[in-house]
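Two complexes follow with subunit A in common, the first pairing it with subunit B and the second with subunit C.
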Partner chain A sequence: MKLKRSLAPTLLILTLLLGASLLYGLMQSLGYLTIIGEKELSLTAYQNLISGQGTAGREFWASLGFSLWVSIVSTILSAIGALFLATLLNRRPSNFDTFALNWNLAFPHLVWGVFMLLLLAQSGLLARWAGALGIIQSPADFPVLVRDRYGIGIILTYLGKEIPFLTLLILALLRTQSDGYLLVAQNLGANAWQRFRLVTLPLVRPALVSGSLLVFAYIFGAYEVPALLGVRYPRTLPVLALESFTNPDLRARAEGMAISLIIAFIVLMIAGFARAKEELQG
Partner chain B sequence: MKKLLIWIALLAPLLTLGLFALSKGWFYPEPFPAQLTPEAFSRLISDTRTLKAIIDSLLLAVLVSLLSLIIGYPAARAIGTQDFPAKKYVWLAIFLPTVVPPLAIGMGMSILALQTGLSGTPFGIILAHIVPTLPYTVFTLAGVFARYDENYEYQALALGASPTRIFFAITLHLLAPGLAVAGLFAFLISWSQYLLTLLVGGGRVLTLPVLLFSAVSGGNPTTISALSLLFLAPPVLIIAATARFLGENPNSVHERI
Partner chain C sequence: MKRLIFALLVFSMLLAACAPKSDSATADFDLADWDSVLAAADGQTVTWYMWGGSDSINAYVDNFYGVALKERYNVTLNRVPVADAADYINQVLSEKEAGVENGAVDLMWINGENFFTLKQAEMLYADWAQAIPNSAFVDWGNPAINRDFGEPVEDLESPWSSAQFQFIYDSARMDADSLPRSYADLATWACEHPGRFTYIAPGPGAFQGTRFVKGALFEISGDAAQWGTVDEALWDEWSPKVWDYFNKFKTCLWREGETYPKDEYELHSLFANNEVDFSITQAIVGAGALIDEGLVPTTSRAFVFDNYMIGDFNYVAIPSNASNKAAALVLANLILDPEFQAAQVLPENGFGLGFGIDVTRVTDPDQVAVLEDALANLGEAATPAEDMAKSLVGDAASPYQSMVEEGWRENVLIGQ
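This part shows the complex of A and B:
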């Protein structure tokens, strides 16, 4: 009895709020719009998305492709960068190294995105320096690195945030391992690359894979960074979803809500997969 | 060499934001501002809308973290100190809100809030923020309770102390660092929350991230940088204060800010 009383407040609040929100969202995506007196449920919004019709649906497949591109590239480059950084920090990071990595985590994604804009825009800090040094003649000569067609600015922003995060995950794992394997490998004449490939990599792979899946799921569902550093077309799915949802055309709302639920579904599948993988490995 | 690179990575964002925030009439291709002036900050601080946003954000984050601690405490204690058959499912129910993207929760919740009349009210915003903060509070506190020795409490009980006295003299005392870390995490998540505030606030509740976001669309680098630095101050202080704890178990709090 006491157990139930302890758990009840947290569980009730979370499941009620989450459940009610998702239920209202689902109803709206099925066209239940009391504002315009629509009370019939239909799958029109979902059909529009799949067939590429409708206000938001027209962009659905392009947005899905763009979202996948941004999330996959950011995740893979972050994982490689983190592996490199963790190896460089030599598995025994000083307090200073750990502090530097944590320092980065303190920057909200929003602020990190602002930093990237100030740094990389065509009249940003780097462009100003290049101009002062005579490397470029006008701002237009500076490469388009933010608000660009290929999402380079978005990807660079995520790299700056996710590499330190994954590095910390890897370092935390390495700290619990003894140096034994590495010493044995070294003793047997393994060079640095062999030690990395045959000892370190297998040790950190489980943590790196589940960490990367988390990063992917986060980026795939995140709104702020692509909204700040993206272009009008193509937009990532979350940006398309929110902008359709706030569209004065009320019929676009159902499509926006449907996109948002599709994102949530994909993210849940990936997170569930990562969790299952973790449990299998103990 | 390595140390120099780390210093650069550490300071570049702050210096860039600082340079822009203190600049005035700084344009391409001047490499540095001709003069540095704190004008942007004094302008922001004397602007009633910004000032209100700062105070509202602080109040909101403090209230949300206190509520998360109070609501999450019993659950965290049960999870951390007891074994029970449904534990796995309880974890799952608490874990779920951290995985569903705030976008999906927020869009559904904005409709819910409109229909219940909570849209744009302080209570509605607090409820919305609790969804992402409560799970992290419970995670962190459950970890603290897993290493907590309840025998101190039994001993006090045996010596005739009242439950209230035990709570304040022993439990609170022993748990203070863990409670502080859990509270600070909740503060951090609430403070940085943009989407839920926007959607449940219906655009009427202006917190610092909401102001910052609309400033970025406006595009004055000096104002944007000054706002960013104001927004950044509490997270940086909090992470510096909890760095030791974070270093030992990096978790995904960072993915929520």
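This part shows the complex of A and C:
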């Protein structure tokens, strides 16, 4: 109870600021655009999106699909990568590895994205080396790894950022456990795979699952990496939303806001799911 | 409890900081009496929001207008560089929604799309553009000036400079004789050189791409002038042929038309990295300013097709809630001064866009000499003036902007 009361000021500010913005966004998505004197509420923006009509609506379903594809693939691959890396690092404890992982966290996603672009573009660093070595003759010979239709560049960028993040979460958990379980399992004749499956995995699963949901929610709502490394079509939902919001035609804002709210709704569902799972286990 | 009070305090301070300023900086002046404008502007600071992505343009603004404003009128120039015009449009719109009467923006560099947005929101100071003294040099009867992307200007903005769509090639890579000189040529050229051509994806915020597609519409339909008014039947007749044209050579494009550069800078970078053979520019100095900025190779040159190269003007406008309208008017007037119009076209000054005024309206012999001298020194990276003039056409009526963008997306980007 005491804890809850001390949170009150924070909650108050959050509710006021976030609540006001959310309400404002909701009103705009319903066509309440005071700038151009529109005050009538309607569900037109949502109808356009669902039926795939209008400026943003035409791309809505493709964008939703693309956003889900990028978020799900990035999350699953990050989780697998992190699990693998954490298990590996846990065998040889050192301070250096956590330092290396923390160091990565200091870079914003945008910086990673630019780095990937400079490295992997068809006229990027790797392509130039390949050209200098005579492996490729022209930039077009280099495989398309960024600004590609399947979001490979975007996914690679997220892997570079999220694997270290999840690894840190898992390592923190693993390193606070004693080696007892593993030793007992080994004594009982469990091989490496069995030890991983029956001891390590159950230990880290709660952290891994909630961490992954966090990663998913972040990627699903993030703008900068897909804006930088994506193609013109299909685009992720946040990119589509911002374009509608900055569209010269102010009426397009309703659709932009509707998309933003749909993103927020999906992310909230994921967060709620994560919380429910945590409570179930905790 | 103490914390709660503290939080509320912080919050109320935040609110106070957001509240509109109550002091009024707007001095009284009468637009019909220019001296009263000058007197009101004396000592003011004019805050000019403009696209700040080019170092050379920023330097030109500071070194020419900034210095002259201070010396001649005791007005301080506060240039606010912004990444995208949409950002300051949003600033002005938010101020309107919040009821801010003394806005942060005094003057804005806008054209076409942004003008349309602000006009739609009724956020522009009205009835001034033809009242400032130097507007006598502006050819207000020209539809290319009194319509901005086809939208009637209605005295809400004043021209700064002009631009015309041109292509850029690298003279070290290609011979001038082998350049395509029409859209039909271009499609042939592109398929003879697969992957070496692309264009900016038409869409909101990427008007150069839209303009490129409109040029094709003009050529395929054989006439530019007929697009000056909206005609649904005409559009239904010709637009499918335009999409056919683009779809036919789509697979010959860079990345086989799977994606397109989203703005001019992405295209310059593809061109500079030797991924494609053409870029585009709108500047009267052609590739000159881009070469100086190091964005394209020094051997880059500009060229145009024989016809259908769309030209237009860009403008400055004053938000209706500007705090220093007098100073903004003085600056808008200074921009049209023949002396500065001559300075802005010279490649070495770093601006590089064309005249906003009609030079034939200038009668003072000294000013005429300065203007003629500037025209004679546009640099070798510029398109020859006679080519420019021969190919110049005006833009289509404003509804075609979104019709072209939507149609291209539906039929070329997504379609097939």
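Simple rule for what comes next: the second predicted complex is superposed on the first by the 268 of 282 C-alpha atoms of A that agree within 3 Å, B and C clash if a C-alpha of one lies under 4 Å from a C-alpha of the other, contacts with A are read in each partner's own complex, and residues count from 1 in each chain.
In the analysis below, a contact is a pair of C-beta atoms (placed from the backbone, for glycine too) under 8 Å apart; a residue touches a chain by one contact, two chains touch by 3 or more.
Quick caveat: nothing in here was measured; it's all calculated off a predicted structure.
**Student:** What is the contact status of A:R147 with respect to subunit B (first) and subunit C (second): first, second, both, or neither?
**Tutor:** Only subunit C is touched by A:R147; subunit B is not.
**Student:** Could you let me know whether more residues of subunit A are touched by subunit B or by subunit C?
**Tutor:** B
**Student:** Now for A:A20: first (subunit B), second (subunit C), both, or neither, which partner does it touch?
**Tutor:** It touches subunit B, and subunit C stays clear.
**Student:** With the two complexes superposed on chain A, say which partner A:S123 touches: subunit B (first), subunit C (second), both, or neither.
**Tutor:** Both partners, subunit B and subunit C.
**Student:** Classify the contacts of A:P139 with the two partner chains as first (subunit B alone), second (subunit C alone), both, or neither.
**Tutor:** After superposition on chain A, A:P139 lies in contact with both partners, subunit B and subunit C.
**Student:** Report for A:S6: first if it touches subunit B alone, second if subunit C alone, otherwise both or neither.
**Tutor:** Both partners.
**Student:** Touching A:V231, do we find subunit B (first), subunit C (second), both, or neither?
**Tutor:** second
**Student:** One more residue to check, A:E243. First (subunit B), second (subunit C), both or neither?
**Tutor:** In the superposition, A:E243 touches subunit C alone.
**Student:** Applying the touch criterion given at the start, work out whether A:K277 contacts subunit B, subunit C, both or neither, answering first, second, both or neither.
**Tutor:** neither
**Student:** What part of subunit A is shared between its subunit B contacts and its subunit C contacts?
**Tutor:** 6, 9-10, 13, 34, 123, 139
**Student:** Which residues of subunit C touch subunit A once you look at their complex with the stated criterion?
**Tutor:** For this pair, the touching residues of subunit C are 3-4, 6-8, 10-11, 84, 86, 90, 93, 96-97, 112-114, 116-117, 120-121, 195, 201, 203-205, 254-255, 258-260, 262, 270, 273-275, 402, 406, 409-410, 413-414.
**Student:** What part of subunit A is in contact with subunit B in the complex they form?
**Tutor:** Within the complex, subunit A contacts subunit B at residues 3, 5-7, 9-11, 13-15, 17-18, 20-26, 28, 34, 88, 95-100, 102-115, 117-119, 123, 125, 127-133, 139, 161, 165, 168-169, 172, 214-215, 217-218, 220-224, 227-228, 238, 241-242, 245, 256-257, 260-261, 263-264, 267-268, 271, 275.
**Student:** Over in the complex, which subunit B residues touch subunit A? Could you list them?
**Tutor:** 2-3, 6, 9-10, 12-13, 16-17, 19-20, 27-31, 71-72, 74-75, 77-79, 82, 84, 90, 93-97, 99-109, 111-112, 115, 127-128, 130-131, 134-135, 138, 192, 194-195, 209, 212-213, 216, 221, 224-225, 228, 231-232, 235-236, 238-240, 243, 246-250, 252-255, 257
**Student:** So in the complex, which bits of subunit A are touching subunit C?
**Tutor:** Against subunit C, subunit A makes touches at 6, 8-10, 12-13, 16, 34-36, 55, 58-59, 62, 122-123, 138-140, 144, 147-149, 231-233, 243, 246-250, 252.
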